[in-house]
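Labels run A, B and C following the written order; every chain starts at residue 1.
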Amino acid sequence: YSNTRGKATALLLVAQAIFLVLFGLFVDYDVSAGPRNSSLSTHSTLAHYYPMYQDVHVMMVIGFGFLMTFLKRHGFGSVGFNFLLTCFVIQWSILVNDFSFTYRLTITIWLTECSYSLLEADFAVATVLISFGAVLGVVSPVQLIMMATIEVVCYNISIYVGIVQFQATDIGGSMFIHAFGAYFGLAVARVLYKKSQTNSRKEGSEYHSDIFAMIGTLFLWLYWPSFNAAPGNGTERHRAVINTVLSLAACTVVTFALSAVTDKKNKLDMVHIQNATLAGGVAMGASADLLVQPFGALLIGSSAAVVSTLGFRYLQPLLQRTIKLHDTCGVHNLHGMPGVLGAVISAIIAAVANKAAYQDSYHELFKNTLRTPGQNGGFQIAALVVVLAIAISTGTITGLLLKLQVWDNLTAVELFEDEVFWEV
Amino acid sequence: YSNTRGKATALLLVAQAIFLVLFGLFVDYDVSAGPRNSSLSTHSTLAHYYPMYQDVHVMMVIGFGFLMTFLKRHGFGSVGFNFLLTCFVIQWSILVNDFSFTYRLTITIWLTECSYSLLEADFAVATVLISFGAVLGVVSPVQLIMMATIEVVCYNISIYVGIVQFQATDIGGSMFIHAFGAYFGLAVARVLYKKSQTNSRKEGSEYHSDIFAMIGTLFLWLYWPSFNAAPGNGTERHRAVINTVLSLAACTVVTFALSAVTDKKNKLDMVHIQNATLAGGVAMGASADLLVQPFGALLIGSSAAVVSTLGFRYLQPLLQRTIKLHDTCGVHNLHGMPGVLGAVISAIIAAVANKAAYQDSYHELFKNTLRTPGQNGGFQIAALVVVLAIAISTGTITGLLLKLQVWDNLTAVELFEDEVFWEV
Amino acid sequence: YSNTRGKATALLLVAQAIFLVLFGLFVDYDVSAGPRNSSLSTHSTLAHYYPMYQDVHVMMVIGFGFLMTFLKRHGFGSVGFNFLLTCFVIQWSILVNDFSFTYRLTITIWLTECSYSLLEADFAVATVLISFGAVLGVVSPVQLIMMATIEVVCYNISIYVGIVQFQATDIGGSMFIHAFGAYFGLAVARVLYKKSQTNSRKEGSEYHSDIFAMIGTLFLWLYWPSFNAAPGNGTERHRAVINTVLSLAACTVVTFALSAVTDKKNKLDMVHIQNATLAGGVAMGASADLLVQPFGALLIGSSAAVVSTLGFRYLQPLLQRTIKLHDTCGVHNLHGMPGVLGAVISAIIAAVANKAAYQDSYHELFKNTLRTPGQNGGFQIAALVVVLAIAISTGTITGLLLKLQVWDNLTAVELFEDEVFWEV
């Protein structure tokens, strides 16, 4: 029986105790949340970030959580473990997101150069929840917590190389959040693969579980513009909102079109409507604040829908048959390929960027003042390669670790089933 | 069999291609979302509009979408086609909302004199979704897309006459959104009426579908103050929030009172709680930013509850029996009559407005500086008449077009049934 | 048969008529929502409060409403009567929240010294909804309306003594909202107790009702930082957000740990995940804007999880057996004990407060300039004692009143059952 008494509890309590100690030693409020000092004006900063932060927060626990409730006998585990992972990673990533322990960390609600924050924590949460989707229903809570603990570290390494060293641009995380989370999770899933996963009768939806899942889809769709725009400033922030709204709208229309026509009875598939409609948000991420123009946003969203819907329809079953890749939520189609697409698009936009057209914001967006646009495009691709390399390699190692038979590993009959871990 | 292969797909793909071309030719970012220029300060504008815009956005896809899931075998179609229509109309209405193609359109998140916007697009979406409610479960996706395409144009004609020419005031769209959407949809529904609609056993709710519908109701109720206030400015905007909160609160209390007492076993009817509780938002719309006083807001909400609840209980079955008007969601009771009520109230408030009491905002609200208050009241009524005339006439024509047997029209057994268009 | 014709309707209509008259006599818009006057700048105030107000509003009708839908045959009553109570109390508490009728009331969206507001109204709503949780499924709508009417008055008395006279600090309402609402409701529940309540087969959840309840849980969890921060200003407001996010994250992790380990099969209990995860918000309330430090917030959340989870697991059944306290939603574990814990923590933090550390905000938080920190701590405890004394005494009296057999009182078979008051 998988659910051995107390292992998850012990792990969580030890981790929470460690968080307490580390926060006590290293973490303080940022000046904007510290003692009031009338010589500082910090009030407008909260107003600037808070509404978008809350939107992103909703995406984490309602969006991801309910999207995964499509499984007919795994609703508690989907929404519940999603909630647990969010709360675990918020704390862990506040600590890990800043590499240097030479100075005290400070918590604010936003991103600044050296004080990472609640918003940044939610981005780490998103990465982990994407990986969770790849192994939904086939791992135990103990395995999830182990995975999250490791993944947050690897996620930060990838950001260190790609953002700090390569100075790539990726406001919405097409590469560093979506592609990373997807390929890390897929590597874990591949290593953990067992034949019994692929013909479980429990792996499927029922009528009402599909409607619950739509709650998740729609809140993700609605608040995605905040996800892609929250770290931005000035007119770029407004542009990121507009681009993301347009991309998602076009993506949804094209997804409906392709879902029907690729079915032999011409019927729509809820899996596509729940997932592929969101690919426009993923693919728009890396260039949301760039001058792609409104028609460019529509084109990006439409392309993402094609990649994602066809991925769900044709590629996913193929990968499962051929390379034994079982991907419960199809994160390869929603986050993996659209993330790569977003990275490639951002490289093209960066390479053709006209400095004059960007006016005062060119070096806000492309920070390295010594590079040509073409070089900037090259570094976007280099960052993508690094992200994929780190995600797949560290994901594989994590998977091997999780395969050890000491983490409440599930047996065949326990897959996709709430009764193992929940009183039902 | 209705769902002929590929018709909806072809229509959507052609439309999306046309949107791409037209956006490429005509649409650009507004200066507030364009290249950053340190001589312009646009940052606060996003902060000003974005939270209310997001609330309105939630009303469209969660609010309308889930409200319609009350049908026991049409949950996918309700929330799914609502989602598709939203995404289709966002794009189409950005193009149509501005009549003149002589200059390039610009997209911003807000309303200004000559650059229509994402917020305005959502108002067009709302109008179409109201009409959708009148024909829910009795039309195919192809018919819905055709209807939406035509309706957005007619909606703009009505705004051109009522707002641009008559200079009527209607911040929350009692007339131009709610009454227009309802009577347009009802005209379509009347023309499409078939006897088989009225005794389908599938047209009904079940226990859990009624709870899903409450998700829609409550998000509509919660964010309605943003809907009525978003286009406003200054103290009028705050007043619109307060008036709408009060009107909705009173409306809900009176709806509970009347729902019980009009039932012969004195039981509450979920249809009323899901719908009539919102009539206070509709009726408050046209005068939300006027000085109706707090008790006036309570009175307007209470009156709307009376009209709407009695409409659901007595008028709707009567209209179905006598003039063969089948109205799936009862939009006549929630949007039609309360919209007319709101228009009449706004005419009265405008006619008795005391210029001095409004201080600096009188001509912000009543733009024509040559008119007396009485004349302003008259033009409110004139605008209402125009809205109803355009809605009913163009809705009827649209219905006749949709009756042609080329749009995947549904047969009797296919009504209110997801299996026709969805893999279940 | 309990549902006697028209009693609830009559009560609601009379109340609504009284609200109309009293609003007409006494209530006006605040200057920030009145006629625009270019010499006043009020625009930013709406921006400052509105997003957090809307979050709090969502907590009331979606959060509380859906949290209570866990009962398998009481979904309509849970979400429906929660909605009715919200709308009733918004109006009633706007009137009652200001004691003095010597000047006209003014409505704004925020809290100021003498004009109470929509936000304050929602705090009164929260208090009543907490009490509702204690008697969920065992009272009629008539009893609920009577209870709410009385409770709003008693709630204000407790605030008058604790906030106005004792000058206690409690930004998030640990004492005045959570502890008050819980102990008032528990006193009512104790008086109304009947043996038949404790072995009703209808008092339980089913698979999908537990997932509906998670919608409520998650929106409460997400928007709790707004609840605790909305009345704040300056850096304290930002700090309240950060503290509440951290407290809730730690609370959730510890709740998962303890829920599993206290079960003999080591399975998680949805009751704990739905409720005890929120105790961190309750316990953080009274010191959310104080300098508890990030690790302090984690510690408070962790402690709240211990108290709440063990309360659900061990204390609640014990109290039911021994003192016949039937608490349908376990409000004692979620609001009662964590509220008391929050009060005690705030007393400690106040007593050890270092004036210098708070810089310019010390007397914003601790208003009485004549007291020592130790005395401030003492007054926090004094306020808690007053809150408990008023809640329990007035709750008991209210319970005795509601026991009179004239309020559609429920019989044994009608408990936890929608069919009594709803067409199903």
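Simple rule for what comes next: a residue touches a chain if its C-beta (ideal position, glycine included) is under 8 Å from a C-beta of that chain, and two chains touch if they have at least 3 such contacts.
By chain, UniProt protein names: A, B, C = Ammonium transporter AmtB-like domain-containing protein.
Since the model is a prediction, treat every value here as computed from it, not as a measurement.
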What is the shape of the graph in which nodes denote protein chains and edges denote touching chain pairs (line, ring, star, complete, other)? complete
How would the subunit B/subunit C interface be labelled, same or different, where same requires over half of its residue numbers to be shared? different
Go ahead and note the Å separation of the Cα centroids belonging to subunit B and subunit C. 34
Touching two or more other chains, which residues of subunit A qualify? 47, 51, 208, 215
List the residues on subunit C that touch subunit A in their complex, please. 47-48, 51-52, 55, 207-208, 210-211, 214-215, 218-219, 221-223, 225-226, 233-239, 241-242, 245-246, 248-250, 252-254, 256-258, 260-261, 263, 265-270, 273, 277, 291, 293-295, 298-299, 302, 357-361, 364
Parts of subunit C lying in touch with subunit B, wherever the complex brings them together: 3-6, 8-9, 12-13, 15-16, 19-21, 23-24, 27-29, 31-38, 40, 42-43, 45-47, 50-51, 54, 57-58, 61-62, 65-66, 69, 75-76, 79-80, 83-84, 86-88, 90-91, 107-109, 118, 141, 208, 212, 215, 421-424
